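Once you scroll down, you'll see the structures, which are given as structure tokens.
Both of the next two complexes hold subunit A, though its partner changes from subunit B to subunit C.
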Partner chain A sequence: MAKGLEISECQRFGLATVMLRKNANHAAVGAALQVAAPADPTWVASNELTMIGTGPGMWLALTETPSQHWSATLAERLAGVASVSDQSGGYVIFRIAGSSARTLLQRGAFIDLTPPAFGAGSVATTVIAHIGVIIWQIDDVPTFHVALFRSFAGSFREWLDTASVNLTF
Partner chain B sequence: MSRLPTGGLIDRAKPLNFTFDGNVYRGFDGDTLASALIANDVKLIGRSFKYHRPRGVMTAGSEEPNALVTLGVGARAEPNTRATTVSLFEGLEAVSQNRWPSLALDVLAINQLASPIFVAGFYYKTFMWPAKFWEKLYEPLIRRAAGLGRASMLPDPDHYDRNHAFCELLIIGGGPAGLIAALLAGRAGLRVIIADEDRLLGGRLLSERHEIDGRPAAEWARMAAAELASMPNVTVLTRTTVFGVYDGREYGAVERVADHLPRATAGQPRQRLWKIVAKRALLASGAIERPLVFGGNDRPGVMTASAVSTYLNRFGVVAGRRAAVFTTSDSGWATAEDLIAAGVEVAAVVDSRTSRHAAAGRVQVAGAEVFLGAAIDDVRGRTARSVDVRMANGQSRRIAADLVAMAGGWNPSIGIGSNLGSRPVWSDTIHSFVLDSAPAGMTAIGAAAGRLSLSEALSSGATAAANVVADFGRSASPTAAPQCSDDPAAVTPLWHVATRKTKAFVDFQHDVTDDDITLAAREGFVSIEHLKRYTTLGMATDQGKTSQLNGHALLAEATGKTIAEAGTILSRPPYLPVAIGVFAGHHREAHFRPVRRTASHDWAVTQGASFVDAGQWKRAQWFARPGEQSWLETVNREVTTTRNGVGICDVSTLGKIDVHGADAAVLLDRLYVNMFSTLPIGKARYGLMLREDGLVMDDGTTTRFEEHRFFVTTTTANAGKIMQHIDYARQVLWPDLDVQATSVTEQWATYAVAGPLSRTLLQKMLPDLDLSNEGFPFMAVAEFRWNGMPARIFRLSFSGELAFEVSVPANLGDAFIRAAFDVGHDFDLVPYGTEALGVMRIEKGHPAGNELNGQTTAGDLGMARMLSKKKDFIGRVMAQRAGLVAADRPSLIGIKPIDRDARLRAGGHLLACDAASVAANDEGYVTSVAFSPTLGHSIGLALLKRGAARHGERIRVHDPVRGADIDIEVCDPVFVDPEGVRVRG
Partner chain C sequence: MRIPCPYCGERDVQEFVYRGDASPVRPLGEDGFYEYVYLRRNSAGVMREHWYHAQGCRNWIEVQRNTQTHEILGSVFARRVAL
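And then the complex of A and B:
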């Protein structure tokens, strides 16, 4: 593997699609969850909950400390404000970190991942190796999280392996 | 040896051995294959396309039409590689092309004697009749004789990388204009990418003798390159060709990562594709010197003057002992002086212009004859031996020379500038075409913009960069363009030497002569585009980089137009040939497209599953057991065991969509032909969806978990399409509705558990649930917890048996299937694949993709009664069109062979038994077939005119493709348990 590159897979998390109800607004979502729901492609975290903006009135809610009833509880808290669909089993999340992480992802993603276009706090919904991905940058190490449908995990790992080797040339 | 004792940007301490046609030669690090061949006195490099004339090196760049070789051996053999751009490396192997039996003796050179018949358009004229000979005789013969290199026909052993880049300024070309622009923009802090096809930045500065800021130009270029490399905001891409411009300011480039290395290290990609989005671009691709069109201008030993200078100054080699320079431009005189400075004898400088150039005196002092208002008529010798000079007084002189430098003026290299459709315009100043309007964001600078002298090139680069910097609101450092030595660049073109006696070539690679062009004009091909196709001018692998304008000028002359009136052509990407592999990158063979694996995939592998592609999904097709002789035996066992006991099938690939919100039921009523607002909570219902045009789009079951919480399933094939359809409906058609929808296909691993023992099995696995017929009737649904996590159970059946579908979160799917088989051991539980699934659905007459084929209506499929009359829905109105409700519509039937041993095949057409086998008698076709182990014979589903009313009728299946016709009986499509007793059991 290239220098300055750490790749691992997040093992335990709760994940849900949150979609704004008609006539509700971001503020109501934020108030219900005690964490701001961003209105742009960024993420905000608070109280063990991360709200990742993936589209107009649409988020992925993420927790790394899920209870068994996490998504049901989330739906109850958002009752009347937003619809919740549990996706905890539907995605895998890769953590890609290190000085080469951005270069690696840029080889796959045809969007600008360089500051100021993209930095810690940014979110993008795009495609890598013909696989739909949601990328969000955690910090300036940089560390990125990349979420994709679970069924694609094998093909994505194969791309990661090839691209990581190519990175050294 | 033609290597000069000193000079050049080569490392004489690093000799390199290479072979050409099996002969071992030696060059130096920094050489190209062409310069190293010249250094070894190799003059003959290849044979021409049509006449198989001997050809040598003509240029020193990527425009080279002649010196094409096959580089490498075996699977790595790369035909039509330009020797002029190949970096020499230790052990390089190259062979010549298009010759037989050898380069020196080529039998097909006899074509030259028959040249009167190989004129423009000769294919069309010669091989017209009889037409049937074309495919069998003419084309194979022509293909064998013509063509250039041969592909290896082996799989590409290399692999290719890809990268994406975004910048404020892309600079295409690292010559003087590009370098100064990059320096200024880089110093101002812009995100800059500078790309050059050469291994070093500098362009002509490496090939010509100039001074910039008091330093030798090559030294200035080296310092500029070093400064650029030190800037974090500047990316320098050498060995990189920008090959095309696309919409949205997107540029394609290919970086040659390992082509210059003897052997790529393990894992090293050969090349890398770059997709670059640049807010602004400067086209600094320089200019290409035009050859002159005179007799024998293709002979080895005849080169462009700039090439002669490049080989002298950059590589320290000279391609002859005694040179003649034929020029129409000031730059030819610079080459004459380069030769003299290098100690090469210059016999003559022939300038077609009458004015005396400032260098004439110096050249004469060095011993050269100077001819003004003169021309070279012909080059004599198989390789150049002498030239016939037509002097101003009309007399002819023969002068010995084995090197002829031709300087016909310069064509801006603006190929990619017309990629998006803007046609270049004629410039009377430089006598060539320049960009009028460039693609959005692009500006040509330097020689590419017709600023041919060095000082103009530098100042145009500096000015353009300053403008870009200002446009981005940055301040440029007040550096003016550097001072440079004088570099006159005037030209008076001479398009053609009419007094020549021998063949004069315009397009060297395609063997198009001046005569071919005038002939084409006489025959009426007077448009540039027609001329190109008729003569093939500019259609070879070099895309006419050296030939296009000369050809257009000759056509203009022949048709009495100016060149501006005759116009020029557009160029398409790629600017230079690009390997297909670099576009494929990672995505080849097993990685051709991503694969979707279900949660039970690894488990299925351990059970001996064979997989079938369903879109991107891999689905288990059947699970063969040791001793089974055929897939049919396996599938029969899976069906029989399921119908008599219990089987389990992974149906996770079905599309799944959460539809939530206060208006979810309203939306579903509009999407489906049948009613969902009346669906009770805790129940599922089968639904049918039409397209706007009234034909069936998809089907599936929908469940109501709560008042405002529905769960929709789709077929595997239409999962993405139906998600889009729902989003379109809720976002575009009815944005006023309070509905949210999202795909949860990936969230749930779903297993169909079918067969008379399915309840017993599941009850044992899930003891807390009441799965009795009373407690959990057909179409009932429940949410429960499995291993503490949310799970669902549905009483649904596709097989016609008592059956359930169980969903668990996909990350628990593997655990669930293993748990099922732990319990199922006592029940002889079998896994079944998509093939058995298909057999059972055909036995039950359930339509699937073969019947929902985009041509059928609800009525055709026997579901007309589902069309609700109490509400509107998508497709309702169009479904009432006369053609879609006609009485003789094909409708779904079952078919059985009269001879029960006969095998039905899908796709066969239905005819009356005594009808002739013609399309007019066609009454329908077979959509799905299977061998039914339950009935013991082949069965099928078909669409037959008025089929529903024809049960019991005897007709036949006509199969002209695969065999004899089969007589069949029309029957009800439900073959097994037509009363539906089992599913409700």
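And then the complex of A and C:
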């Protein structure tokens, strides 16, 4: 792998969609999970749980230390407040890091990924190479995580490899 | 053209599905149903229209747009209007 760009696939994680029930408010989600679920497209992490904003009253809940009944436990804690649907097997998460990571993603995304429009803590649900993606920036390396449906993983990986060919470091 | 999504911010029009005029209101009974389903004004100027952010936050939004200049005056979640 070229210097300035590291691409890997997260191997072990639990991922679930969390959708607010009709008459609940998002503060109740935060209270139930002890993570302040963001109301805007940002992510917040606490107690080994990351809440990634994907829409009003919609989040991806992510843990890198999933127990066997992780999503069922999450659903129990959110009973009456939000609906939980386990997506752990349905998505892949790519980790794209290094000084060229932003340039690479910017070649595919229609949105501005440069600060201050996008930075550590930001989330965007958008499309790259006709593939729906959820991008969130972890830190200022920069490191990005990109989640997409697992069946598109091969196509997305091909796009990553093609788009990164002539990157200069 | 870029559409401002109240949640996601400004996004390329390709991420959206266009649904058309947001002003017709579904009638309670049969009266006016034909007009509700089929008749549109084809406004020249500012109109309220429904857009679906299919490749983003997957929400219906209502956008105020000038059909002559494509100037966009604002957007809100469609459910905010419906409630």
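Here, the second predicted complex is superposed on the first by the 164 of 169 C-alpha atoms of A that agree within 3 Å, B and C clash if a C-alpha of one lies under 4 Å from a C-alpha of the other, contacts with A are read in each partner's own complex, and residues count from 1 in each chain.
One rule holds in what follows: contacts are C-beta pairs under 8 Å (C-beta built on N, C-alpha and C of every residue); 3 or more make two chains touch, one makes a residue touch a chain.
Source: prediction; values computed, not measured.
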item	value
Touching partner for A:162 - first (subunit B), second (subunit C), both, neither	first
First, second, both or neither for A:62, with subunit B first and subunit C second	neither
Partner chain in contact with A:41 - subunit B first, subunit C second, else both or neither	second
Which superposed partner A:54 touches (first subunit B, second subunit C, both, neither)	second
Touched partner set for A:127, first subunit B, second subunit C, both or neither	second
Partner chain in contact with A:90 - subunit B first, subunit C second, else both or neither	first
Partner chain(s) touched by A:29 [first = subunit B, second = subunit C, both, neither]	neither
Touching partner for A:150 - first (subunit B), second (subunit C), both, neither	first
Per-residue touch tally on subunit A - higher for subunit B or for subunit C	B
First (subunit B), second (subunit C), both or neither touched by A:110	both
Residues of subunit A at both interfaces, subunit B in one complex, subunit C in the other	110-111
Subunit A residues touching subunit C - in the complex, by the definition given at the top	40-41, 54-56, 58, 110-111, 124-127, 132
Residues of subunit C touching subunit A in the complex	6-9, 11-12, 14-15, 55-59, 77
Residues of subunit A defined as touching subunit B within the complex	17, 19-23, 68, 71-72, 82-83, 85-91, 106-112, 114, 117, 129-131, 149-156, 158-159, 162-163, 165-166, 168-169
Complex interface listing, subunit B residues touching subunit A	159, 161-166, 191, 257-258, 265, 267-269, 272, 275, 277, 586-587, 591, 593-599, 617, 658, 660-663, 736-742, 744-749, 785, 788-790, 808-813
